[in-house]
Amino acid sequence: ADDELVLGYMMAKSGPYVSLANTNEIAVDLAVEEINAKGGINGKKIKVVKFDTAGDPKQATTALRRFAEDDSALAVIGPFSSSEVRTTFPVGERSGIAQMSMASSAPGLTKGFSYGFRNTTDEGIVLDQVMTSIKDKKLPAASGAAAYATDDVVSKSIGTLVVPKLFEKYSVPMKGSVDFQLAAFDLSPQVSKLKEMAPDIVGLGSPPEGAVNLAKELKRQGVSTRVIGGTTIADPELPKRMDGAGENLTIGTTFFPEVNDKTKAFAAEFGKRTKAAGLPRTEPNQMDAAVYDIVYLYAEAMKRAAVTGDKAKLVAERTGVRDALAKMKDFEALEGKISFRDGDAVKPVYILEVKGGKWTLLDTRMPE
Amino acid sequence: MSTPALVLSGLEKSFAGVRAIRNLSFTVPKGRATALIGPNGAGKTTVFNLVSGVYGVDGGSIHVNGTDVTRLPSRRRIRAGVARSFQNIRLMPHLSVLENLLVGQHVRASSLAALLTPYRIIPNHRWKREARAALEESGLGQYADETVGALPYGVRKRIDLVRATLAGADVLMLDEPAAGLNPSETNALRDHLNALAARGLTLLIVEHDMHFVDSICENVVVLNFGEKIAEGRLSDVRKDPKVREAYIGTDEE
Amino acid sequence: MSGYLTGVLVVLSFNIMAAYAVYLPLAAGQLNLGIAGFMAIGAYAAAYLTNELGWSLWTAIPAGSAAAGLVGLIIGIPVLRTHGIYLALATFALGQVIAAIFLNLDVVGAAAGYPVATYAAPPVVFAATAGVVLVMLLLSRTRYALYLTAVKSDPTVADLMGISVRGIQVSAFALGAAVAGFGGAFYAHHYSFIEAQHFNVLLSVFTVLYVLFGGVQTVWGPLAGAIFFTLVPEVLRASDQWRYALFAFFIIIFMALRPQGLVTASLFRVFRRKPGAAA
Amino acid sequence: MALLEVSGLEVAYGRVNALRGVDLRVEEGQIVTVLGANGAGKSTLLRAILGAVPPKAGGIAFAGRDVTREPPHARIGGGLVLVPEGRRILISLSVEENLLLGAHMRADTQKVRTEMDAIYDRFPNLAERRHMLASCLSGGEQQMLAIGRAMLAKPRLMMLDEPSLGLSPLFVSKLFDLIRELNRDGLSVLLVEQNTGKALACAHHATVLELGRVVMAGDPATLAADPRLQEAYLGEGSHAQAQHA
Amino acid sequence: MTAARRGAAPSMLTQQIINGLMLGAIYMLVAVAFTLAIGVLNFLNFSLPGLFMLGGMAAFGFLKLGWPFLVAAGGALLIAAFVSLLVERLAYRRMQGGDPEVPLVSSLGFLVLLENLVLIRYGSDQQAFPALFPDMNLRIGGLVVGIAQMVSLAISLALVAWLSWFLRTTNTGRRIRTVAESRETALLMGINIQSLVPQLFVASALLAALGGLLFAVNYQQVSPFMGEGIGFKGVAAMIIGGMGSIWGAVIGGLLIGLAEVLSISLIGADVVNITVYGLLLAILILRPQGLFGRPPAREKL
């Protein structure tokens, strides 16, 4: 209807990313409810149309086509994964509709797209902050090694580019690297190699599963080293899943529930709603926070562009939303102050460490 | 005298050290029917398999219409002029009768154009017409579009024969064509074969029914343990004590 | 046309092309579980040609298809020494190896994937698919198709009938690979991005699945299977997390009731008989 | 009471009616032969008696028991054994394993061994090839194997579907001798044969099938003399044979 | 320093070989399960990876309910056996007489169904399977050997030995081989297919589920998709060894495990698929029937 502002939302509610993404919807609904309760934007309510892409690039383009051509959406929340972003950004660019991903963190995805945004932080920046904290706190860092999944874009670029450069920058001698497949369950050969290298820190590029398997195998073979990682493994339940292993694991993330009252309140409300929905995880992860903020970012952009939701002005208003986003500076969001640089969000990084089987906040760092 | 249709000389074949064919030589004259008989396991089917190239020979040579085919790959032998039927019927069960016959025509329709012509769209296509005619001729017209798998043994046996004739080869090797046919059907088969022979085809027939052999073949070759033990007119060979002992038995007639 | 419908039909188009790529060798008795590998070859080759060498879509796509066909031909010759389940597993391994090679090939982005600049719009994809279906329909009416069945059902006898069994097998394998490459090349240029991870075993296996589901007795089977497998999950979209479970359940029940697949030869025989019976 | 009693048996393959109400009796100790042209339904009859194809109507009683609803293995366990059309040798098993398969339901291993030796004596071709894969056997040898395999199953009623197919004349004679001999030892036989003369000569009772129906039945000698039968199933050549026998 | 290095190198290689053999033991068990289904029934049973997963996941679920380990394990095996009977009923039995590839469709349907049902119940995450003992490893002079893995190796070998004897020499073995070659003939020979085949399905399901269970115990993890990768490698192991050859499956499993681990440790995980599946491809091209398989008997003309 004309009295609503429509946002499209690509969910990854089934498929490979469910465990990370299935709570996102709660966060989106929460944000929309909050905004609408306060009277909406420009006197109009926000309406979200949803489409489950199952993390599949083909379905994601179908979703985008639907939002752009059938639903008259003003902008699109998502898609989730890097692969989806690669296929939907070109379509969005041709249709002139903004998209903002909540999870894809592969380097350079927004390059060449004026309508493509990400509320995520480049893993290079995150790991750099982790390393600075380790140096600041004078934790042992005499030698390093890299471990990464080879068949995942983000993981591989962390392992082969980010980590070596990082160690060079902080003059940590690099002893070597080991790699594994995403689906690998047996990391004994890799850990046997690491055991021989005996580094102080291991830079890890991997999804959470790899981190869990690596931590357990390190423990089995009796190797003690500090594993550091980025947002790819920032799973609130990771310490629990590692079942006693993974002590000292240190990561950077863009969200931690215990930072301030706002985050605590969000976490509490989120916990209530997920429990009511019968979801297995009740603690918000960084994607939940990111997608929550995306709704607010879009709301702010729509306000600034003074959109009306009038179908006749759709093309102009979509461009208006994009332009307002691109100019966004220090927007006060749940995750902290957010600005956009070349389509990517610039926001605070929280350094967490596993202590006694729990995440603890080691440090908070603002980007330069 | 014209070149013989088939000349086997000094053939040898062993399986796992057992000599199944031993120094076997015989000639099949053109345009006539010759029988190859012998007890079970004598090596008759093996001879067919050697001539059609299913097995390579261990020694000796095979000439078809004067050409040496001994080293020719099996799929080329039918082009050299020798086609065969099978003792254990080998029709393609999921194809229709007509389609089986079309496969049989392959040697004569193997150009790229023939291969890629959508013959099933063209009504009354020439190859289909020919196959149908051949079926009608042997009284099987009604089965043309049936799936082969469900047909009774005797019918399949006769389709197998028609398929062999459609290759256009002038030497036909038939492995027990009358097996599984009842006497009246055997009579029909006899007429069919005599008609083929009258057309100038050369027949080499393996058959255990001596009356049948008698009524078609002038010459017989008798095998036992892979060796030729007799050759000549059936009436003469029959009297040979070696043949009686090994093959026909004494209580016959 | 609505954007959603366009999206779904595009997916359907690629599924149809993949289905025929599986169907061709399957008609000759070869279960090719590595079809995704050949799609990858077509996709990467064509994308490389348009991206790096500036070829046009109209030359790059046939070239990509030809590249896949050629690889199929060269690899088919040794691989087709195996039969039955061994062949299926050999092609499976082949698909894995091809995908793994692209995953490590830096000129086309390796694990980071390969963005493709040239774009093939939906109507182009639809036309290409219609072309593939038409060619398959025509082909199924030829002796070549008959020989595929003959070679599948009794290679020994087909050989004795003078048919070059190897020739038929290798050509069916290579043609299937070429069709896969054709589809892959379009895929790359439609979705503007390819990554080796996409061309995985499951893609191959699922393609085989819907071809068998559609039925391999006639050329219509793959088409029916692809349509079914694309549309039913869309219909089940509302059922949320139960979607795939329901879908699988449906497949099992359907196959138990109709093991020969959706479209069978006897179905057509019934149609053909009807006018005769009326007369 | 008859050993086997088939009444009103009907079998259909889809729309094709292969048997349309067949009645047949085999008394204990009898040899009964079933004759008929190709496609008459002879093989179908034997398969239906064994239970390999389900009947549409009619009943089958064996050894005083209604077995119409029983699965084949129950019937075979009761002594109803078939030498099937087309031999159905298992090509991936050795000759000896094929024979042992015939005895797979028997527990008396020792006895099976001695019986197997007797079979090897009778079919020396098999003895020589006992450890070879059965796929190597010649057509006739495979037929011998199929018969030997059935003998090892301890039959009460042996059904033979064209057992003389592919056997040499000498062996055909031996086969019929064997059938008579087994019959003398108490085995009942249901014989489908194209070698009409020989079949009639050894049978106690004959039945002629045509298009799935019994068209003639009775004493073999009378049937052999029947002009209708002679015309349809006995060529001129075999006529003499039957007379002779 | 250099001396230490020299001392360390061979020990790492030894450790890697041990790692490879242990991994191979898991593949082997799956390979044997596949041998029963494919080598014996000619049925490329894609539900086996699902049953493998079920072995691990169901045990995990029962343990979560607080059941003692042995009961949970027994329950998991039971469930797998039951599902396998359904597979036999709905996927295998109904499809006889058709193309050999056809039952593959519904068995794959079962795989998808099982995975999604488990996913709905437990989520797609990999879950931690509780450790049975605090440390299940033998440590001998710096080498680490998993006890659970040793046990799986032993169980696999024992099962394999018994199975090959059984199939070769017993009446049941011959019956099974008959069914494998031709159900139709088996029926005519009086083999009770209706009871024999389900038994085989149960047996192969038990093997697969046992594999999954041992996997869960070994690696202390389970997930709805854990069967896929291993299932495929298990089939590869079986094929390398040669179909129907049980000892072949053993050698194949160990070979694949070794190839995987050695290529990771000597070259990198990048090449695992290339080496493992390249090995499979090469062996099939050079020896189309696998290392220990016999070329299929062909019907004589």
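Note that the chains are named A, B, C, D and E in the order they appear, and that numbering of residues resets to 1 at the start of each chain.
We adopt the following convention: contacts are C-beta pairs under 8 Å (C-beta built on N, C-alpha and C of every residue); 3 or more make two chains touch, one makes a residue touch a chain.
Just so you know, these numbers come straight off a predicted model, no measurement behind them.
*Asks:* Counting one step per pair of touching chains, how few steps separate chain A from chain D?
*Replies:* 2
*Asks:* So which chains count as neighbours of both chain A and chain E?
*Replies:* C
*Asks:* In terms of C-beta pairs in contact, which two chains are most connected?
*Replies:* Contact tally peaks for the chain pair C-E.
*Asks:* Distance-wise, how many Å sit between the C-alpha centres of chain A and chain B, to the nearest whole number?
*Replies:* Chain A and chain B have C-alpha centres separated by 75 Å.
*Asks:* Please compute the C-alpha centroid of chain B, do the same for chain D, then give the distance between them in whole Å.
*Replies:* Computed value for the inter-centroid distance: 28 Å.
*Asks:* In angstrom, rounded to a whole number, how far apart do the mean CA points of chain B and chain C lie?
*Replies:* Centre separation, chain B to chain C: 41 Å.
*Asks:* Per the centroid of Cα atoms for each chain, what is the distance between chain A and chain C, given in Å?
*Replies:* The answer is 36 Å.
*Asks:* By the touch rule stated above, which residues of chain E touch at least two different other chains?
*Replies:* 119, 228, 270, 272-273, 296, 298-301
*Asks:* Multi-chain contacts in chain B: which residues touch at least two other chains?
*Replies:* 45, 54, 86-88, 90
*Asks:* Please list all residues of chain D that touch 2 or more other chains.
*Replies:* Within chain D, the residues that touch at least two other chains are 136-138.
*Asks:* Hey, which chains are touching each other here?
*Replies:* Pairs of chains that touch one another: A-C, A-E, B-C, B-D, B-E, C-E, D-E.
*Asks:* Which residues of chain B touch chain E in the complex?
*Replies:* It is residues 45, 48-49, 54, 86-88, 90 of chain B that touch chain E.
*Asks:* Okay, in this complex, where on chain A does chain E touch?
*Replies:* Going through chain A, the ones touching chain E are 16, 18-19, 22, 149-150, 178-181, 183-186, 188-190, 192-193, 195-196, 209, 212-213, 216, 220-222, 240-243, 280.
*Asks:* In their complex, what parts of chain B are in touch with chain C?
*Replies:* 52-54, 74-79, 84, 86, 90, 92-95, 99, 102-104, 106-107, 109-110, 114-121, 163, 167
*Asks:* Which positions of chain B touch chain D when the two form their complex?
*Replies:* That would be residues 15-16, 38-42, 44-46, 87-88, 150-155, 176, 179-187, 208, 210-212, 215, 246-249, 251-253 of chain B.
*Asks:* Note which residues of chain D are touching chain E in the complex, please.
*Replies:* Of all residues in chain D, those touching chain E are 47, 50, 52, 71-73, 75-77, 81-82, 84, 88, 90-93, 97, 100-102, 104-105, 133, 135-138, 153.
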